[in-house]
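Dropping a structure here in structure tokens format, bear with me for questions.
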Amino acid sequence: MSDTVPVRDGADAALDYSFEEMMTVTAARALGNGTTCFVGIGLPSQAANLARLTHAPEVVLIYESGTVQTRPEVLPLSIGDGELCETALTTVSVPEMFRYWLQGGRIDVGFLGAAQVDRYANLNSTLIGDYRNPKVRLPGGGGAPEIGTHSREVFIMLKHSKRTFVRDVDFITTLGFGRDGQARAQLPPQTASHVGRGPTKVITDLCVLAPEAGSNELVVVSIHPGVSRDRIRDATGWEIRFSDRVEVTPAPDARSLEALRALKARTEAHHDSAQADFTASAKE
Amino acid sequence: MSDTVPVRDGADAALDYSFEEMMTVTAARALGNGTTCFVGIGLPSQAANLARLTHAPEVVLIYESGTVQTRPEVLPLSIGDGELCETALTTVSVPEMFRYWLQGGRIDVGFLGAAQVDRYANLNSTLIGDYRNPKVRLPGGGGAPEIGTHSREVFIMLKHSKRTFVRDVDFITTLGFGRDGQARAQLPPQTASHVGRGPTKVITDLCVLAPEAGSNELVVVSIHPGVSRDRIRDATGWEIRFSDRVEVTPAPDARSLEALRALKARTEAHHDSAQADFTASAKE
Amino acid sequence: MAEFLSLEEAISRYVEDGATVALEGFTHLIPYAAGHEIIRQGRRELTLMRMTPDILYDQMIGMGCARKLIFSWGGNPGVGSLHRMRDAVERGYPRPLELLEHSHAAMAHAYEAGAAGLPLAVMRGYIGSDLPQVNPDIRHIECPFTGEKLAAIPSNRPDVAIIHAQKADRAGNVLVEGIIGVQKEAVLAARVALVTVEERVDELDTHPNACVLPAWTIDAISVVPRGAWPSYAHGYYARDNGFYKSWDAIARDRDAFAAWMREHVIEPQSAERSTIGSPS
Amino acid sequence: MAEFLSLEEAISRYVEDGATVALEGFTHLIPYAAGHEIIRQGRRELTLMRMTPDILYDQMIGMGCARKLIFSWGGNPGVGSLHRMRDAVERGYPRPLELLEHSHAAMAHAYEAGAAGLPLAVMRGYIGSDLPQVNPDIRHIECPFTGEKLAAIPSNRPDVAIIHAQKADRAGNVLVEGIIGVQKEAVLAARVALVTVEERVDELDTHPNACVLPAWTIDAISVVPRGAWPSYAHGYYARDNGFYKSWDAIARDRDAFAAWMREHVIEPQSAERSTIGSPS
């Protein structure tokens, strides 16, 4: 996914921040100080590091590459950039990461992206179409299937569109609440006691969604400033419902925007210099 | 077990080495250069290090404390003396040691001592008497149960007496060949393919024993110089048999004796100085 | 999140009568000072868990702290038996001691599975051994791919794990170095983790792949220099092998043992206690 | 016992058509040079195993080396899809690619179990996921202590594991440092292990608990400076994120891909090959 999304239309340009910035700041605010967070690459990584650089200096960021309690100066492009190891408290093997740190029950928040989410917050990062005959083969689940069940709760972050918000995902890579919203409730007790609450927030560039109590269907609980309900309806692949008490998402504060922009600027400068290296070497 | 056993009677005093030295040198010779050896503490550790200091400089010594390819200058008193770590190629966790290095099938020779061995080379280091009402509670198996089955072969080293060489051990801590000598032969194939040959040599201060082909009963295959068959019979708790082709164990060579004595002298000096430290501190 | 506490406060707050307590350390970094504090505070009915119960557990058993021992090798390494443990097992003195006995491989797997959040460990083990006949916690599963029968054991999940380590930084992150044993696994498998350290430092200043326990995996840290004596701390002081040898005579005799414990563990004022084992 | 060989000789001797080969590296230390040598030697019908197949596997798949992929995440990290892999899966070009798909947790457990000599790994996983419906290697066992149903997967036992590492000493002991991934497990789980290193040194000179692979766990070592480029080697050179970004356009087009491979992998003389990615 691209890191930089221009403001999309004139109405939004009136705001002093982009929708992506709105999304990132909102996601960052969801992370409490001291929380242990298992961080997916891309948007979640951006939001988690923004949290660390603003209100949550002691948030513990853990990447599946084995880097524990890491404090990167620039955003990693990959889940295993050197920056993550160099600024980590310690780096463990990948088996240890998944066994002791994730499955061991030490993660408060699993912070995930995905290609698609459905109305019961199930995630698809495997493929579009039929498994044996896919229309689009996606990269696959990676760490997500177990991040989604072993973390105490899960935050999901992705851009809102009919392509990403579908009624039913073609493939459940990572459990939200299952095909009928009741899969977690119906787990046998020996399993349930080790499985987290599942997705509690889905943060998009338009709004924040949460599972409705009981049905676990995703409903809009907070709308970003300047976004209409119709716009959310148009960008959602099912008949999206709105909570009885929909709030307006607080706008980004100046400090967060400043920190985010500085982080992205540092990151771009860093990656550009890497690119320059490559250009030089490719010319040889 | 004590490291220093005086020559036991006048007949032996004519030799320029003790029975224990004979045992240790014989055991050391059994270890080939380049062999990976999982080393028990005490007599096996002494013999394995003697091998390393003489004909087998590249023998790989592994102790269950996690120390891989270690080259101690002095013999460790415990399985985890600092010397073992300081001179090791690397030190891994104890779970990794048992999982990746022992169970992983990387050990050529498991080198064990025990309180008792029986005629089918089963080892007892658990207790004398009944488990729920023991006459003598021994320390227990430690690593031996799995060293005995996961190593490609097992060397056993202990002093020869009616107390240590019993017809049937009260408790099989570590499998030799089972109650009837056929336990390894009768393992299901899925298990058998991961289980080693078992004990191939039992080295004592009087002789060397080996399992007889077919029955797997221990028989004497080599007698140390100056030892009579009757002496071995008197020191064995069952009617010990002698192989058709019993050899005379080669006497220790001067180089081995010199290396062994120097090793023991270094070790004693080292431990005495530790003792002196304690005396100082205990006086406070 | 790790809190720096006095050892007295840490033990008093977290170690309760009847708890399952693992004071781990594989020859190296054995938390003697913490065990002595448990003895002084008179804890009873403990289930003691440890791969290699040595002199410290001999002392705790001899002082009547324990009703049960989960272990794989109980001896004085390189010296011989634990006489207080034998007295408890063979003659019920000062009280009977129930044993739940494993092999090292099983205990190591069981801690590892505990750290990994699993209810059981699966291993190839106990083949031909009599241990499964006397330990009901040794069962078997069948591999659904190969049909191989493998040993299954419940994971070790102590109520409290106690370890000794080289150092903690200001934030309470802990470095364990050298023979690291099962200490990381014990801490991660336990409900509560207590750590004693040689010293508190500004920075751990170590290798990227060193064995470091983050502060948020630990409940309390106590700074106890020489807290592992007569065991040792790699980089700080050597194992006092002489003491291990001398323990044999002390522990053989009930009265000599009681006198030693009174003189060296129970009665000293705390200022003196911390100097046990100091070379000067 | 590790033998120092040229990369050409190591691949030629140990990697056979039809073998199951794991070129591991979790973003860091990916053995690109070794993979390129496999491509140059024209190996076919390989089963490629890896947690995170990235550009290197895109190249091997695009060049027709592989008939099957065992994996858990196949993408260009931080950039997007692997277009050569997609072309093989979606359109069978240059040949169909069979997928055996796991989660990271499962692959990590499966390597770990392979290193541990077990036939299966047991984990709490795949709960509510559709992956068990499409992967017959995901089964279940029941814990005999708690009754919990747990996922079981066969351990990963590749014929050949290939990794890149920082350095080897004269005797062939190898140090892996930084993000160590599953490299140790892959080497210990494999029948044959090949290692490329940045340099050969007199002494590894590292921490007591560093990730070191003894020479006797390795079959061949090849000294290949910058052998991980465009991935990176902690302490030697940084990840070439620019190249990863530029790959997207190269790989989208069959002809552009073929031209790039010809120019940068197939045709260069070995002297030139080793300078791919050199900054000067």
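In this document, chain identifiers A, B, C and D correspond to the written order of the chains, with residue numbering beginning at 1 in each.
Note that in this section contacts are C-beta pairs under 8 Å (C-beta built on N, C-alpha and C of every residue); 3 or more make two chains touch, one makes a residue touch a chain.
Treat the numbers as computed from the prediction; the structure is a model and nothing was measured.
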Selected interface, A-D versus A-C, where C-beta contact pairs are more numerous: A-D
Distance between chain centroids, defined by C-alpha means - subunit C, subunit D (Å): 39
Cα-centroid distance, subunit A relative to subunit D, in whole angstrom: 27
Gap in Å, rounded to a whole number, between the CA centres of subunit B and subunit A: 57
Two or more partner chains touched - positions in subunit A: 85-86, 91-92, 99, 103, 150, 190, 194
Per-residue multi-chain contacts in subunit D, two or more chains: 117-119, 123-124, 143, 146, 148, 178, 180, 184-185, 208-211, 234
Chain-level touch network, classified as line, ring, star, complete or other: other
Touching chain combinations (by label order): A-C, A-D, B-C, B-D, C-D
Residues of subunit D defined as touching subunit B within the complex: 1, 115-119, 173, 184-185, 188, 208-212, 214, 216-217
Footprint of subunit B on subunit C - complex, ascending: 26-28, 51-52, 71-75, 77-82, 85-86, 89-90, 101, 103-105, 108-109, 111-112, 123-131, 134, 143, 146-149, 178-182, 184-185, 211, 230, 232, 234, 238-246, 272, 275-280
In the complex with subunit D, residue positions of subunit C that touch it: 117-120, 122-124, 137, 139-141, 143-146, 148, 150, 152, 154, 177-178, 180, 206-211, 234
Contacting residues of subunit B [partner subunit D, same complex]: 34, 36, 60, 68-69, 85-86, 88-92, 99-100, 103-106, 150, 190, 194
Subunit B to subunit C touching residues, read off their complex: 1, 41-42, 64-67, 76-82, 84-86, 91-95, 97-99, 102-103, 122, 126, 131-132, 134-146, 148-150, 171-175, 178, 183-184, 187-188, 190-191, 194-195, 271-272, 274-282, 284
